[in-house]
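Consider the two complexes below, in which chain A is the common component and chain B and chain C are the respective partners.
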Partner chain A sequence: MSFLGDVASWFGTAANWWGESGILNRVFEHVQLSAFTMAVALAVALPPALALGHRNRGGGLVVTVVNLGRAIPSFGILALALPFTIELARGIDLFGWEFSPISSGLGFWPTFVALLALAVPPIFANGFTAVRDVDPGTVEAARGMGLTERQILRSIEVPMAMPVVYAAMRVASVQVVATATLGALVAWGGLGRFIIDGFAQQDDVQVFAGAVLVALLAVATEALFAFGERWAIPRGIAGAGDRAAATAG
Partner chain B sequence: MSDSPMIRLDAVTKVFPGTDHPAVDRLTLEVAEGEVVVLVGPSGCGKTTTLKMINRLIEPTSGTITVAGADVTAVPAPELRRSIGYVIQQIGLFPHRTIADNIATVPRLLGWERPRIEARIDELIDLADLDPAMRDRYPSELSGGQRQRVGVARALAADPPVLLMDEPFGAVDPIVRARLQDELLDLQARLRKTIVLVTHDVDEAIKLGDRVAILNVGGVLEQYAPPAEILRSPADAFVEGFLGSDRGIKRLSLIAVRDATLVEGPIVDAAATAAEAGAAMAQHGLDWFGIRRGGLVVGWAAGSDLDGGAAPADLEPRPFATALGPDDSLRDALDAVITSHSRVAPVFDGARYLGMLTIEEISREIVQ
Partner chain C sequence: MRNIRWRAFGAALLAFALLAAACGDDGPGEGANDATVASNLVFGGPPECPTRPSCMIGLNEAGIEFADFKALDSGGPLTSTALEGGEIDVALLFSTNPLIAVNGWVLLDDDIGLNPVENITPVVRTDVVDALGADFVALIDGVSAQIDTAGLTELNRQQSVDGDDPAAIAARWLTEHGYETMAPAEGMGNDPIVVSSFNFGESEILAEVYAQAMEGAGYAVERKLNLGSREIVKPALESGEIDFVPEYAGTLANFLGVSPEGDTATVHEAISIAYGGLGISVLASAPAEDKNALVVTAEVAASYGIDSISDLAASAG
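== the complex of A and B ==
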């Protein structure tokens, strides 16, 4: 039987789909971690980025964040995060109050840290530049008509920055989905399990199937964002987000 | 106009941080209610800075500014700005909002009820001479001239008594600019707003301003007077230089044809003889004559047309190539006179012949 035929029959085996280590649960774990990471990344990075962009302050900070994000590979962050998460799981002593903020130092949390470090720089940098680069004439007109600074940011600058911010979210999400595969190295589930376990078991079919699944999920993420664009980008300014892709990577 | 000025700048100075020389230096200026004042001057004269200090986009270093008798610092800046219309060269329409939503900006900030806002949008679209179908379009779908009209409509939305305009027509081509200027004058004739307009274009200042403030570099007020007075008697060499060498011709744009002295010209009745026509031409030193038929001047004929022994009644009157109306300016008249080989321009009020304007009369007006 050919290799691809083996792969096809792997996908055709019901046992590979169901159960804790089945495809469906792995996809769920993968999506769960990716979505959680993106939600936290947006919550952490976007508000300061937009506020700094409005005041055009902190351009140096943006450059630093982006360079750090590019310099340190996700694999390295995963390795660096591990001792800390393990320590956190053991319990910390906060002014005599002992507790464990996370239940396990392996799996979910170190992977989350690595992915967060991946997602934050493009979102932060693009949020900042997108707001900073909003047409100054439009902002001056808004201010001259009596919008408060908060109103200018919320109702003028953020909608106008949306194409760039959305493009950054799209690129970051795809990267996060692709990189979440690493979680399998630190005993997290997700689609990486098929690849890591396949290597360990010298099961090339499983490795290949896992790679195919990760690629499909990344493409599906891309498609989801493409589909959501018409709701996310205000009418009247569509088509401005293309230039963001270059800086978001 | 009321006794107290609508806008008053009192010894206003602005020194930007990091600079030694003030951008605006102890400027005192009053703008009466319902008046159009144009601030004009070379770049670096502080005209835009002055304008932006009125709505506090720039805060003065010292001095006070009052609008409608109240110090502009008495209320928070955003609140002040909602009561003052503001139009800028870049227009700054919000690209993600429809034309209607753009116009509704200030009324919404002021918390108007929805039906009142909707009615006001319709009113302004009509006032700005915009197609009602544009209501739900986006700014990117409009031409430059249309966007500028929307910008003005948006500034007028809450019916502010004061309108500040910063080079409002700087970004459109000359033909559209001339039309928008005319529209602004039309609008102003109906609305009687107090308008402060900034431009670097002296012709625009002369055309639009009831009074023109000429500023020199460093925000020094050189002259503040109606345009005719500035053109007639510039305060100093700077003003004279700024107005340009064609100051006399510029002044012509402020004088209407109706105010000039017209001459009857070599007009003869269609029933007149060739000799009478010849005498009329000789009297005015011209080689053509106008033909009156039934009380109306219907056209003209050349002296050479009579050479074959024809009488005026035999001739087919040629239509006048250029005809002026009483509301045209003497600058238009000069153009008509120079470009016609007859060296005069006939003036009509509708079909009624008023007389002729000669180059001598126009030059007399320049010298005056």
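== the complex of A and C ==
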């Protein structure tokens, strides 16, 4: 009871909310990294996944390769990425043109690499299979009506694949938010700071508070996607959403 | 209608990615505040640093405020990689880390008394000292007197960089310093002295140095090395399961609940009194210390002209 009381008073302390190491800034950093990762993951994975799904060619191989990424633990990717990001921050020499693409190899970028490897596989695999599995009869009918391949993909296949793609985004986002905690190991901020620092300082209250905050943020992410579903899923096939979400998870 | 929605979505995604990347890329602050040397530098250390008097709290009290702090690891590979890669300018490392010498880094002199003295200090059961007499104490004190920080760092380097065996490293050191390491034909006929160490390389090398010096002088020795942390070593010493272990003065003082403040002699006296009551004698401290130390690269040391911690509080000019 006294432990929970300590946790409550930790949350009640104004100093724990404001400033660079306060809850608000840590939540901002956490959301910033997670959202950036998801944006890049969608931009990188979705277009090729949809295009390959439409042609139903070569995608099986790509899905296998991309899924290999899931076999490597995020922590391992983080550790592997670190020397490379540090080297990048030091500067690279491109045919005599020396520049540093990133200003720091700690923190944001190695964590981003680890999270990207986590987010891309479910988005790619689900995007590919969702488009491929659209009822061939419907696609044939569209073709018969004279729609171009581009029109078929854009106005038939993608909308029909939307529930599965959306469910994959939802799952990936929650995983990314939960895993962004790891960034604290390589000097990134985010909510992981409370857990890593609390552990090092033998401050159990801070560790617990940090874990609660990460869980709350993950649940909030889930809720945001549940709310956004109404907007994102075309009305005509909205009923299929629940079924698709169950398979995509 | 749907087209507009997709384009809006794409544009929002792109805008967000650019925005987040711009914000996320927050490198070391460019010296808006260039009052002191430290305010131009980024400091990297263990995550517990900000709440430790021997770390950030002590530094702040000495007027040293860094531009930024990066929470890394406890003097491990992450911190040294970050210093090597220029991610941080000042690192908290262990003073006998061989990488300091390998990379030509500069260990800042602790002239503000940030860390307690951490001289290597052998401790031995008082009943063993009584049985073996002054010759034994003179032998150990003689060895200790020749172990300095530079020498200890070199021993660590031979292990962690060259991959040598602690026993071989110790034998080489003793030979170089004029000690016999092979047991003479005529032994002392004593009960074996049980020599122990903590569970890290430096402690094992030191235990080997003392053990082989004892053997060279004709004492019978038994080894129980790599025993574990101080939580295991101290009770083993008190119960007589082990007789001898090379200790670290400041950390031992903290562990025994006495003040680690003051110079080597003061701390030595404090731990002698505390351990003496438990039947353990504290022998003379070696000049060598292994403690937390602030380390900078040679470039940083040269460009700011710093070689001690107090220099960090000086005006950057």
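Keep this in mind: the second predicted complex is superposed on the first by the 232 of 249 C-alpha atoms of A that agree within 3 Å, B and C clash if a C-alpha of one lies under 4 Å from a C-alpha of the other, contacts with A are read in each partner's own complex, and residues count from 1 in each chain.
Going forward, a residue touches a chain if its C-beta (ideal position, glycine included) is under 8 Å from a C-beta of that chain, and two chains touch if they have at least 3 such contacts.
Quick caveat, the model's predicted, so the values are computed rather than measured.
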**Prompt:** Taking the superposition as given, does A:G96 touch the first partner, chain B, the second, chain C, both, or neither?
**Reply:** neither
**Prompt:** Touching A:P159 in the superposition: chain B (first), chain C (second), both, neither?
**Reply:** both
**Message:** By the touch definition at the top of the document, which applies to A:G12: first (chain B), second (chain C), both, or neither?
**Reply:** neither
**Item:** chain B versus chain C as contact partner of A:G236, first or second or both or neither
**Value:** first
**Request:** Could you tell me if A:I86 is touching chain B, chain C, both of them or neither one (first, second, both, neither)?
**Result:** second
**Prompt:** With both structures placed on chain A, which of the two partners, chain B or chain C, ends up touching more residues of chain A?
**Reply:** C
**Item:** Touched partner set for A:G137, first chain B, second chain C, both or neither
**Value:** first
**Request:** Quick one: classify A:G60 as touching chain B (first), chain C (second), both or neither.
**Result:** neither
**Item:** Touching both chain B and chain C, residues of chain A
**Value:** 159, 234
**Asked** Once bound in the complex, which stretches of chain A touch chain B?
**Response** 135-148, 151, 156, 159-160, 162, 234-237
**Request:** Give every residue of chain A touching chain C within the complex, in rising order.
**Result:** 32-33, 35-36, 39-40, 42-43, 82-83, 86-87, 89-90, 102-108, 112, 154-155, 159, 184, 186-187, 193, 196-197, 199-203, 234
**Fill in**
Seen from chain C, its contact residues with chain A in the complex are 2-3, 13-14, 16-17, 20-21, 23-28, 44, 46-48, 50-51, 70-72, 78, 81-82, 85-87
**Request:** Flag every residue of chain B that touches chain A in the complex, lowest number first.
**Result:** 55, 57, 78-83, 86, 88-98, 105-106, 109, 138-140, 151, 154-155, 164
